[in-house]
Amino acid sequence: MNKRVITLGEIMMRLSTPGYERFVNASNFNAVYGGAEANVAVSLANWGVSAAHVTAFPSNDLGKAATQYLRFAGVDTSHIFFEEGRMGLYFLENGAMQRSSKIIYDRFDSVFANFDADKVDWKAIFEGADWFHWTGITPAISASAAKLCQDAVKAAKKQGVKISGDINYRRNLWQYGKQPLDIMPELIEQTDLIIAGLTDFENCMGIYESDFVTACKKAQEQYPSIKYVSTTYRESISASHNKLMGVLWNGKELLESKSYDMTHIVDRVGGGDAYMAGLIYGLLGADDQEALEFAVAASVLKHSIPGDANFVTVDEVMQLVKGENVGKLLR
Amino acid sequence: MNKRVITLGEIMMRLSTPGYERFVNASNFNAVYGGAEANVAVSLANWGVSAAHVTAFPSNDLGKAATQYLRFAGVDTSHIFFEEGRMGLYFLENGAMQRSSKIIYDRFDSVFANFDADKVDWKAIFEGADWFHWTGITPAISASAAKLCQDAVKAAKKQGVKISGDINYRRNLWQYGKQPLDIMPELIEQTDLIIAGLTDFENCMGIYESDFVTACKKAQEQYPSIKYVSTTYRESISASHNKLMGVLWNGKELLESKSYDMTHIVDRVGGGDAYMAGLIYGLLGADDQEALEFAVAASVLKHSIPGDANFVTVDEVMQLVKGENVGKLLR
Amino acid sequence: MNKRVITLGEIMMRLSTPGYERFVNASNFNAVYGGAEANVAVSLANWGVSAAHVTAFPSNDLGKAATQYLRFAGVDTSHIFFEEGRMGLYFLENGAMQRSSKIIYDRFDSVFANFDADKVDWKAIFEGADWFHWTGITPAISASAAKLCQDAVKAAKKQGVKISGDINYRRNLWQYGKQPLDIMPELIEQTDLIIAGLTDFENCMGIYESDFVTACKKAQEQYPSIKYVSTTYRESISASHNKLMGVLWNGKELLESKSYDMTHIVDRVGGGDAYMAGLIYGLLGADDQEALEFAVAASVLKHSIPGDANFVTVDEVMQLVKGENVGKLLR
Amino acid sequence: MNKRVITLGEIMMRLSTPGYERFVNASNFNAVYGGAEANVAVSLANWGVSAAHVTAFPSNDLGKAATQYLRFAGVDTSHIFFEEGRMGLYFLENGAMQRSSKIIYDRFDSVFANFDADKVDWKAIFEGADWFHWTGITPAISASAAKLCQDAVKAAKKQGVKISGDINYRRNLWQYGKQPLDIMPELIEQTDLIIAGLTDFENCMGIYESDFVTACKKAQEQYPSIKYVSTTYRESISASHNKLMGVLWNGKELLESKSYDMTHIVDRVGGGDAYMAGLIYGLLGADDQEALEFAVAASVLKHSIPGDANFVTVDEVMQLVKGENVGKLLR
Amino acid sequence: MNKRVITLGEIMMRLSTPGYERFVNASNFNAVYGGAEANVAVSLANWGVSAAHVTAFPSNDLGKAATQYLRFAGVDTSHIFFEEGRMGLYFLENGAMQRSSKIIYDRFDSVFANFDADKVDWKAIFEGADWFHWTGITPAISASAAKLCQDAVKAAKKQGVKISGDINYRRNLWQYGKQPLDIMPELIEQTDLIIAGLTDFENCMGIYESDFVTACKKAQEQYPSIKYVSTTYRESISASHNKLMGVLWNGKELLESKSYDMTHIVDRVGGGDAYMAGLIYGLLGADDQEALEFAVAASVLKHSIPGDANFVTVDEVMQLVKGENVGKLLR
Amino acid sequence: MNKRVITLGEIMMRLSTPGYERFVNASNFNAVYGGAEANVAVSLANWGVSAAHVTAFPSNDLGKAATQYLRFAGVDTSHIFFEEGRMGLYFLENGAMQRSSKIIYDRFDSVFANFDADKVDWKAIFEGADWFHWTGITPAISASAAKLCQDAVKAAKKQGVKISGDINYRRNLWQYGKQPLDIMPELIEQTDLIIAGLTDFENCMGIYESDFVTACKKAQEQYPSIKYVSTTYRESISASHNKLMGVLWNGKELLESKSYDMTHIVDRVGGGDAYMAGLIYGLLGADDQEALEFAVAASVLKHSIPGDANFVTVDEVMQLVKGENVGKLLR
């Protein structure tokens, strides 16, 4: 697909216990690199979209390894900055059955959190870009990361680039003195597509509604630039068995996707990012319902793949959308 | 929890095939240490109870490794004896789908089986103890192990320590010339809480009943010290999918726990010991129904963890009891 | 069982990604050796049948390793030929959830494909044999492999050996200039038992029917030697969850097996070969319905075992047939 | 050995690449816990000394795992503090041949670095202690860590506990505004045994000498409490081949140990800590030359063991000292 | 380094047994991608040179994985062709002690061997290039591969691009009807720098000399374009212990490098390619002796790294050249 | 080689810690099957000799796995007995550098130790055999094992089969009431070739000499059937570096082999059995010096291979004897 998408955000080293080992018993960890926005870039690159990720890495071998991972995934790494400092990390313990998965974050004081927003030439980066994607994690990390996000959104808007934002409110972040309502509204009011659930509406937009459509309508009133609001509904029967569907408000009606029964889940981390990427991919070239179905099917397949990233092809997603070749042995 | 529990029993090295490999194809084995009673001690220690395990190990590196494992798990190892000889072993092949799990025991002639019961100063051990736990495996191993168990029960009773016994009848043991009915009644008649199913009632107490409550009542008539009888009901749909619930007879009524659907089982060995530990923990500080629910929920979580031991927190068990955060991704 | 079965066919090295890794992320591969017909021989040898496999291997360490694997499995390897050349390979990516399993074949131009059929002394090989098994893969590989299969079938027929053929039509093979209908009919008309679904009937026998029994009857009219036709019905709910049953047409009636719900599938490759082996084993010593039930139960258990081969005992299969000890913990 | 030793210092999670993988290629990491002072405690506990380690851990599963590791190793963990925050980490890439090993530290802003020194009741901790060990890493981490070390040394001195300090100057630390010469002299002047090379003398004591004995004499003049000065000489022929010897200045003469040729090194991290532990162990019960030989032999054996810690027995060290059973197959 | 290098050649999947397992015992294989020329490109890319590799891959997931590996390594993959067919493979068994390493090639009939040379637009590829590198493996594979190499060399020469060729005579290749002397002279006579030992001189240039310098002089007489001839001398004391040095004839004198003692070799495959890359890198920016020393040191470091590729930095190579930080622990 | 060799002895499961892990740290074990005499059979089978091993296994999956391993290795398993009971085990910790390897045996009370010697029909077994091999381990295990060995030696002698015995005195065995001198002389006096060092002469033959040749001469006087006496000299510089040579007294002169420097040892267990097998192989078809050189070279190569068994070819051994292709990269 001949489109260019820019993503911005922190990438962490993810250290996960093998199999279903608990943290206290683990004597080794699998290591991959991931982050909500970079995972979107990886999906898109994998689907043939020209995707560039903007971030800052430590100028050591870990930063180098993360960069090489992004290149492996086909993401343009020419807008990555390298600075003295540490890489954010997170530790993941995979749940099973009724036992939940657990994440221990260790991301404070990272190179990205401390990165000087003024070093980025957004004008150059958005040259030729069609879409920019940010999430609510970035403005939650630090004042400088918030500024980075603000600069990016402003520049994208100015250059006519479409903007998506995954609101993704995380209470444990936001420790640098600002509250979501201090920062998020300004970002949202320049954004075309947001992913938001009711909690996100409350915390980041001050919209308190118990009905999603009502909330969407209020959001559009307050932030007229919003064209789409989407969210997923996940039912957790157990860590190994979830149900998933997505909805998309396009200003006129609430589209609903098929609902998927996901048993034997391999790795649910990155499932939301796969959905986001699917939505961007779909809206860049298909109609609203098709885009939504593509997004949910992409997310379902992500749950079958170890790691943060969704290494599936467009063809595989489309087959799931159509219900073809589901769970077969393809020779 | 400011309580002290003493457990007694053999600990074996468990050698399990990785993944779903069968014995004939295995070229390596995962090794952990476990035993029905020690698994109870590990659970309790993990939940903040002061737990000491009494056993005998070979005075070689394997005995040392087993001791270090118990210390790792927080169990007091100051009452462990080291003697020349071998450590008992068992080989485990994990089942999947309709294929059952298989255990090959190699525990005869172990240091524990040959251990001289007179070396133990039970009086000192029970100093300050609140609870003593034994199982029907110990008296089944050898005459000296049976004596060890008898001495312990007698001393505990004398010192006013509460006693639980998991009857756990195993036909393949009992090869040293005695029958269960020669030994078990004397042990049971000093015990406060027993875990027993109908087969256990028959083989170890001579009570032949087809109804659990009737059996419990008869047991209490014959053994007035018994205050509680409990058992679990497990339905094996496949090796990967079981249903589990527990019942507790408290002399007045039969309490029933919630029933859990356990799909995607990781490792069911130790599930009963987790239940036992849960019951002891619960009865040391909660009411009967709460204790029962805690026990079953603890057992369910055990099935999600590789190895014999149940490395879950009180908080995790309580959340499952309450149905909170079941199978989620906790950040 | 005091019977001798001869199988013929190519054996490939199977390289599968560990866990649920995708090809693009795999940095190592598990290696086993397998092939549709050899898998049948391995099952039978494992069940005490004297089984010999006829094939050609490269005269290098990989051919040696494959031979040693067959000896490990108890298969007579005295009729294996060693020639300069390459071993066929296939790469397997295990599916999970809605994501399908994928196979990349790399078997062209192998030692087996190029093997000179005239080197084999079939008369000697069939001395004392009770059964010969071939599949439609062999005649699809190359002209010389087709001749090999023709020679074998002819010789077996002549020596009064019972013959089974798994039609197993594969469109991607058949690249050497012949069409299935050029070759298969002659092979089928000497065969006693065939495994064939409707697609096989169409492509390899020219029988276009939408009803299995009608197709079977037509097949028997055209090929009077056929005494049995069998096939399995597999419903793929996901890669991790299938349903399976088998049917057997014995010239008089269509027998149906129990249907099995297979959740938590470990490895489905070789499931059909396990069924085939079960049918041969059953028909060598039991009645038709028993044979069918044995075949399906054997196939179900195969799905719980990593690798191509079905390392289960007759006793384990029989217990599943009877619904005993299903998914238990056997001590 | 009926002695009690207290150690103080940070413990980090060590994440090392498997085999000889480089950081940029690593997809998993082996995880152990270690720190210069805790490694000493582990050695001593392993040799039967009562050893307690004082440190601060995050109050999460990683802090719990580190605590369990210390218990596994037999170290008294009752003086460990748990606080909100992060655990220090380091990444290790094992060298081979001419390629050096590499460490990337990620220890800033850890729970230990931020720990409030006033929370520790040193008087209680030193009750019954014979020896206290600190290193120059602790005062280099942060102002509060420096205070922690100062408090400890002062309290130990006051209670008549023998004190050792491994000067261990690390230029990359000391980033909180103080220089080594601001802090170290006061610590050294209360210490009985120091490990120091010429660089340590220069940076931490202001003694600029090119001869070790001259430096030792000067040190004793300036710091009369010093009774012993020791250091090791390591010749790095390659990452896989080093030569090692130790020297001990006891105020009268410079004792020299045997020199060891260490080829086929498995893991050199912790070699210095094993030496330190050996020296403490030796001086607690043997003469100076014996202590020195014990220390070097212990250090040599450490190089053969993966991980930070030296899991060897006193007997194994003594055999190496005597040249008995070196590199044999012991049945 | 602001230079652009183009390499051409086949890339194979390398499947190596883990540890020191022999082929017959291996149940899994480590997989990397490599080829003599691509290994050069990877080294150069890793050192900051703009390197592009020209090759053909199968249009399946293995070709995709190989492409992603090259991107990971920083190599420009925009000139890779994807076609139906198979990827060449080789199996590697790592030697140890006196036991040699073994390679089983399985590369015939690959996509690269069958690739249509006319599809490549060399003119475009050499736009802005400074150097082109080929090896004697390519013309040995097939007639079309030979043409590919001839076209490339001709185009490079025409566009004034410097050319290097690693003669690398392999008797087992050259099976398509041509002899080295039919093809190689024409390629060599356009090449600036060749790697050739006495066997290469004989088989590929018809120069039979027992002295390297005499052979070099003769070569320059016959092929005046040759400016440099280089080779390495390797003494194999065992599979784990080699000595290595390099020599470089620059038309005037024979420069000799330092000689390195390589004990504890991790993986010697790719050692020659690392040397070649080092020579190119050196000659692009340093004097002849420096280039030679850089090349040998790079090759030595390669022997410490698992896989075909030499993931070391320029700085690491330079430190070895200078004898600094050899085999240390760098913090 | 058209010869048939019979071996007799116990086979144990060997459980070894991975890499250089110590027992106390091991969380998994590699599993192979081995025994001094079976290792000889495996070597010989691997070299094309018809080798049958006589032993007793438990009638469970472990006995089955051990049998399958022998079949894998090409050993005739038709004379193996299956009985209720346990399989002997041993645990191996691989040494490195100055740290020794350690073995913990757990072999008492095994099926083999308890096996009823009268069940074996030695006459049938020795039909067509050329050589019988026993070791001093078998008579040391139990009275019934001693009888088994005595019966075998007697029958072999009677049927004119050549006999070799590896004296292999182990003090820790011999716990059933007999001393070596009660049993060994009778076995030795029927044996043609013995492997014995000075300790073996003393303990098993009552010959106290400090010179090997003198001891050999005395042995031949006392036991005139002895035609050959051999032993190896191993110098253990470290666990990773040994020197090895062999000597063979043929009644006339003491032949000495080349001496090998073995650095980077992978696994030394089975080195003596590889030597024994080499000697048998050599003496079955070559002259004395050739046989000796073959034996030592075979033993050297064993040290490079993980596991008990020596999976090397005759050709590889011969190349080492000749000093060809030592430690190269063979393509």
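Chains: A, B, C, D, E and F, in written order; residue numbering restarts at 1 for each.
What we mean here is this: a contact is a pair of C-beta atoms (placed from the backbone, for glycine too) under 8 Å apart; a residue touches a chain by one contact, two chains touch by 3 or more.
Just so we're on the same page, UniProt names per chain: A, B, C, D, E, F = PfkB family carbohydrate kinase.
Computed from a prediction, not measured in an experiment: that's the story for all the values here.
According to the touch definition, list the chains common to the neighbour sets of chain C and chain F.
The common neighbours are B, E.
Which chain lies the greatest distance away from chain C when centres are computed from Cα atoms alone?
D
Which chain is most remote from chain F in terms of Cα centres?
A
With over half of the numbers shared counting as same, classify the chain A/chain E interface as same or different.
The interface is built from the same residue numbers on each side, given that over half of them are used by both copies.
Starting from the mean Cα coordinates of chain A and chain B, work out the distance between those two points in Å.
45
What whole-Å value do you get for the distance between chain A and chain F if each is reduced to the mean of its CA atoms?
That gives a centre separation of 62 Å.
At least two other chains touched by the same residue of chain C: list those residues.
22, 24-25, 27, 68, 102, 263-264
Graph of touching chains, which shape: line, ring, star, complete, other?
other
Write out all the pairs of touching chains, ordered by chain label.
Per the contact definition above, the touching pairs are A-B, A-C, A-D, A-E, B-C, B-D, B-F, C-E, C-F, D-E, D-F, E-F.
Spell out the part of chain D that touches chain F in their complex, as residue ranges.
Against chain F, the touching part of chain D is residues 260, 262-266, 300-301, 303-307, 311-312, 316, 320, 325-331.
Which residues of chain D touch chain E in their complex?
Residues 19-22, 24-25, 95-103, 105, 170, 172, 236-242, 263-264, 268-269.
Which of the residues in chain C end up touching chain E in this complex?
On the chain C side, the touching residues are 15, 18, 22-32, 60-62, 64-65, 68, 86-87, 89, 91, 93, 102, 104, 106, 108-109.
Which residues of chain E touch chain A in their complex?
68-69, 71-74
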